[in-house]
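Input: structures, listed below.
What follows is chain A paired twice: with chain B in the first complex and chain C in the second.
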Partner chain A sequence: MTRADVRKTYKLYLGGAFPRSESGRSYAVEDAKGRFWAHASRASRKDARDAVVAARKAFDGWSGRTAYNRGQVVYRVAEVLESRRDQFEAELRTAEGITASRARTYVDAAIDRLVWYAGWSDKLAQVVGGANPVSGPYLNHSAPEPTGVVAVLAPAGPLLGLVSVVAPVIATGNTCVVVASQPHPLTAITLGEVMATSDVPAGVVNVLTGPQDEIAPWLASHMDVDAIDLTGVEDPEAARNLEIAAADNLKRVRRPAAEDWLATPGLDRMTDFLETKTVWHPMGL
Partner chain B sequence: MTPTDAPADLAAAAPAPLLDATSSDAALRRFLHGLPGVDQVGAEQRAAGLGTRSIKAASKAYAVDLAISMVDLTTLEGSDTRGKVRALSAKAQRPDPTDPTCPATAAVCVYPDMVPHAVDALRGSGVHVASVATAFPSGRAALDVKLADTRDAVEAGADEIDMVIDRGAFLTGRYLDVHDEIVAVKEACALPNGQSAHLKVILETGELQTYDNVRRASWLAMMAGAHFIKTSTGKVQPAATLPVTLVMLEAVRDYRLATGQQVGVKPAGGIRTTKDAVKHLVMVNEVAGPDWLDPDWFRFGASSLLDDLLMQRTKLTTGRYSGPDYVTMD
Partner chain C sequence: MATFEYAPAPESRSAVTLRASYGLFVNGEFVDGRGTPFKTTDPATEEVLAEVAEADERDVDDAVKAARRAHTRVWSRMSGSERGKYLFRIARLVQERAREIAVLETLDNGKPIKEARDVDVPTAAAHFFYYAGWADKLEHAGLGTRPESLGVAGQVIPWNFPFLMLAWKVAPALAAGNTVVLKPAETTPLTALLFAEICQQADLPPGVVNIVTGAGATGHAVVSHDDVDKVAFTGSTEVGKAIARSVAGTTKKVTLELGGKAANIVYDDAPVDQAVEGIVDGIFFNQGHVCCAGSRLLVQESVAEEVLERLKRRMATLRVGDPLDKNTDVGAINSPEQLGRIQELVGVGEAEGAERWSAPCELPTKGSWFAPTLFTGVSQAHRIAREEIFGPVLSVLTFRTPQEAVAKANNTPYGLSAGVWSDKGSRILWTAARLRAGVVWSNTFNKFDPASPFGGYQESGYGREGGRHGLAPYLKGSER
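Moving on to the complex of A and B:
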């Protein structure tokens, strides 16, 4: 007797759990050759709302951890990803139709990217903060702090692109709501499984799959979202409209730009989502 | 049994058709145990079914405003201060200071010693001052202490009193004691001008064990002259659940059919989201009837619920999601 395949139901990753979309909708995802691959959840604005609530709830705990500990957790994500590299290589080949060696390059780069940002977690403050010289009897110093809940519109790269936009946001203590690439949502959910099993607290990363043009405006105008990363928005007109919607509560906005995901990133993906706290302290006794 | 004209103020305790039932402990027990039992599975399924109704757009806006006007904005903490009560009173009058069309809440609910501050802050606003009394939340004190507690709150200017029943007496079957205590507290609610502070009777359903007991306690409180029956103190888990509120709504509906007197219902504790509140309103309409869709006959005992209602209201009026930064979380 032949065995029936056990197929995975790809759902959302929200508040540490994997629920279906509140709307009950789904959409078909195709592989690189245009054949049906699987169904993904088609998230609605209410899923986005729930994700923001989950991210906000997780923010105090996550931002309150020591930078050292956050670095350990991000490193742990890299460890778990390393142990599942075969699965990710296979998914990338199906999704993008690339060769095995190319897929390996992307998975390696994604793991290395996580380790790179994990290392920055407890070093960034020394680089972008520090003591300021002032003309008075004060000690004056500045320290970077996470801005809060960041909405991330992920780029098309199913794994490397996604990791490259999520890791810098969480390494500094923000929590995020990620709208995965619409044509490549499945790897994002598999990455959610990695997050869920690697000590990332529930709600720190929330992954929504579905139409970006339907979900993004709600996140851009949401008054409880502190920043938005528009990297994955391809249409300049849509990016402009999202930026306008984001202005209502003065969100930090990162505009889309062409990026080479294999190149070593700069610090800007981290510093874009930080606030600077400056403290004046009287010196001496 | 024929419905009689309901007097505005329910001076007499039990109305004529039920007077016999309260004549002795045995008669009262016979009556309460003669009430039909609650079908537990049926009640829970009915409550869950009503909870799935979809309320959208204009109906939702109506429900949100109605729910805001039904909130008894509550602070019952040992750490309450005069300042907190004043802040809460300001919020009760203008829940959304940026929007004059937002209705005021029904009342502010505080401990008796905080009543003067609430009365001060709410004078002339139309928002009622409710006070818990009778050794809230446990109710474990001598009767004269409970009555003094009640008179104290009424003299300080509370126009609504939330009393707790003696659950110990109820669970051991001393129904007449519970009944007489409610009647005594109601007398203590009398004002010098001949009127009376409204009496809400807290059943503390989380301690009553069964739905049958909830139904019996509801009838007992109504026969003793309660203006409102209230689920919980908010200090015991579980607090207000949909099936419990369903049983109480059935009780007030049946009581009006039997006696012509309308009694209000107040679920309290554990209602935190707009969705919960709307589910309750759907149930009020479907079980008790639209007559109860009024702040005079249905209230929510809550504090954080108001914040969620305001955020939903902002979402409906501005078309974008609001956040906790824009309401006064307290």
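Moving on to the complex of A and C:
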């Protein structure tokens, strides 16, 4: 007799734990061949709000870490992802029906992207900030600070796009609530397992699965969310409505645009979610 | 207490020649507006200074078309060094006409001549000078190797620093290769129209700068015009949110510089005399018509009594009155409407149980005036601790620990500026790092410089003006 394998229950990743949706709802996820693969949690408005609370709670601690330490944590995520690469390659092939070599390319790129952003955490302040030569006896300097809690609507695809939008947000000290790609939610939760075992503090990354059009409006209008990344919103009208809702507390909005996830990124995914703080102090005896 | 008596020292109005009426500045020429002309007055005397054209949607459309043509045919094709030379010319012309601009600003706005003369105008000239030098160095600004202008910028500015805000908007836009349609505030249009003359004297190509005067409807026409690529707005948070909604789903870039309710934190080891000067400068500079005004004083409990006593003594010496008098510290409230808003919120403060103290001073009988005022016994829930009053009114709260100071300072949806007063460097840096504000003044307040980025967190808006950061909002592909 063959052994029955022990299948995994996919839940949400919220506040460092893996709870089911409080709504008790789920939806069936199919593999690339259209066969039932597993159920994903169908997150509710309440889950989204709980995730924002978790992200807010984590913000002071995470943004207060040294940039060097944050870089080490993000690098650790890359290490753990590398160590579980076989699992991710297998999931990508199941989810997307791609070749082994293609799956390897995507996992390579995802790991390398984490390493790239890990290195930025303690360098960006020197690149986008600095001393300002004001006309008077003052020390004056500008430095970037994280915007706060960022809602991220992840692009389609199981892994590379997701990593490419989350890594820049957290490397600079923000915390986030991510709505995973609706057709490819399972790998996002597996990535949550990587985060949970990589010294990423609870609440820094929270992953919700379910219909984007149902969850996103609650995040866009949430008064304790500081910014929203609309990258994964494919319908222009939906993106417009989310941008309108985001204006209620003047969230910083990153609009959707065409992306090549295999290309080396620019700084904009980091700088879009940073605030410049300028500090003055007189010089004198 | 004995105080010095001052003889009147009025600045002469002779530097200014007012015209009876002013048109719009479109495509390098003054033209009639199609809307209903309106009057602009001296808020200190209620004297009508001039009649000003109102731009309607068609006028705004003409201005945008002129700006588009100028961008496509001239300004975007011109080398950065040539663009820069026009900006240098403008900077020099502003310096040459400094007295005239300062007097006109004081007449139209009501601010003390010493501030218009020593802050607004020289800082505006410095702003043009600073960005002039960037025009041929954009590829070194760290915003990409081939920075490209956006196109036409629609800019709407407020009445509190009319000429300085014009400089903040126009200088970086032009340096980056954009052309502009600028709408000054309806109560303070005159220095912008004087600037139009400066553009003519500088032989700036027609259409690079267009100035359309009017009120909210004109501003709406500017920011919602389909062919505007960039919106820059300084003003209220309410209008800023409306603009953010109106550009949703477009490709327009936006910079918003909005309201504030800045905390000015005074620790028990602060040099008290300097702190008192800073508190006064923080809230009574420009009649408190300052988005980054230090309108919430947070003073450590152990020194609160002493600080308040000295503050009141200092406030009693503030000279309120004729803005053209060179000794005047606090001028006129910009408009009867603004005076009404200040009076309303002060009334709310009293009704909610805070204790009001106003400096004993004689106010002129004509015009809009408000005596320097502070409230004690203010709680965080009071409206005067939460809402921007935009007038010479200070709300005083106390704290015991640094943690409490930071928590109270950050307890606001705004995040434009903050102040910290202490003799201890590590305490200042600890505090500055925790304040959620775009500008932190430590042991000083209300300092502005073209090289220093300015702008807010949260509902104080987004984007930065000033410095290298101030170029980014006017270039493609760069961060906000």
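What we mean here is this: the second predicted complex is superposed on the first by the 283 of 285 C-alpha atoms of A that agree within 3 Å, B and C clash if a C-alpha of one lies under 4 Å from a C-alpha of the other, contacts with A are read in each partner's own complex, and residues count from 1 in each chain.
As a convention for this text, contacts are C-beta pairs under 8 Å (C-beta built on N, C-alpha and C of every residue); 3 or more make two chains touch, one makes a residue touch a chain.
Because the structure is predicted, anything quoted here is derived from the model rather than measured.
On the superposed chain A, the positions of chain B and chain C stay apart, so the two partners fit side by side.
Of the two partner chains placed by superposition, only chain B is touched by A:Trp218; chain C is not.
In the superposition on chain A, contact of A:Ala100 is made with neither chain B nor chain C.
In the superposition on chain A, A:Ala90 makes contact with neither chain B nor chain C.
The larger set of touched chain A residues comes from C, when the choice is between chain B and chain C. By the touch criterion defined above, A:Asp248 reaches both chain B and chain C. Legend: residue contacts after superposition of the two complexes on their common chain; A:Arg56 is shown touching chain B, with no touch to chain C. The three-chain arrangement built by superposing both structures on chain A places chain B and chain C 80° apart around the Cα centre of chain A, to the nearest 10.
Touch criterion met: A:Gly136 reaches chain C, while chain B stays clear of it. Shared-chain residue A:Leu262: touches no atom of chain B or chain C. Superposing the two structures on chain A brings chain B to within 5 Å of chain C, judged by their nearest Cα atoms. In the superposition on chain A, the residues of chain A contacted by chain B and by chain C overlap at 248. Contact residues of chain A toward chain C in the complex are 127-128, 132-136, 138, 140, 142, 147, 226, 236-237, 239-241, 243-244, 246-250, 252, 255, 266-268, 271-272, 274-282. On chain A, the positions that touch chain B within their shared complex are 49, 52, 56, 218, 221-225, 245, 248.
On chain B, the positions that touch chain A within their shared complex are 319-326. Contact residues on chain C toward chain A in their complex (touch as defined above): 126, 142, 237, 240-242, 244-245, 248-249, 251, 256, 258, 413, 428, 432, 437-444, 447, 449, 451-455, 457-459, 461-462, 464, 467, 469, 477-480.
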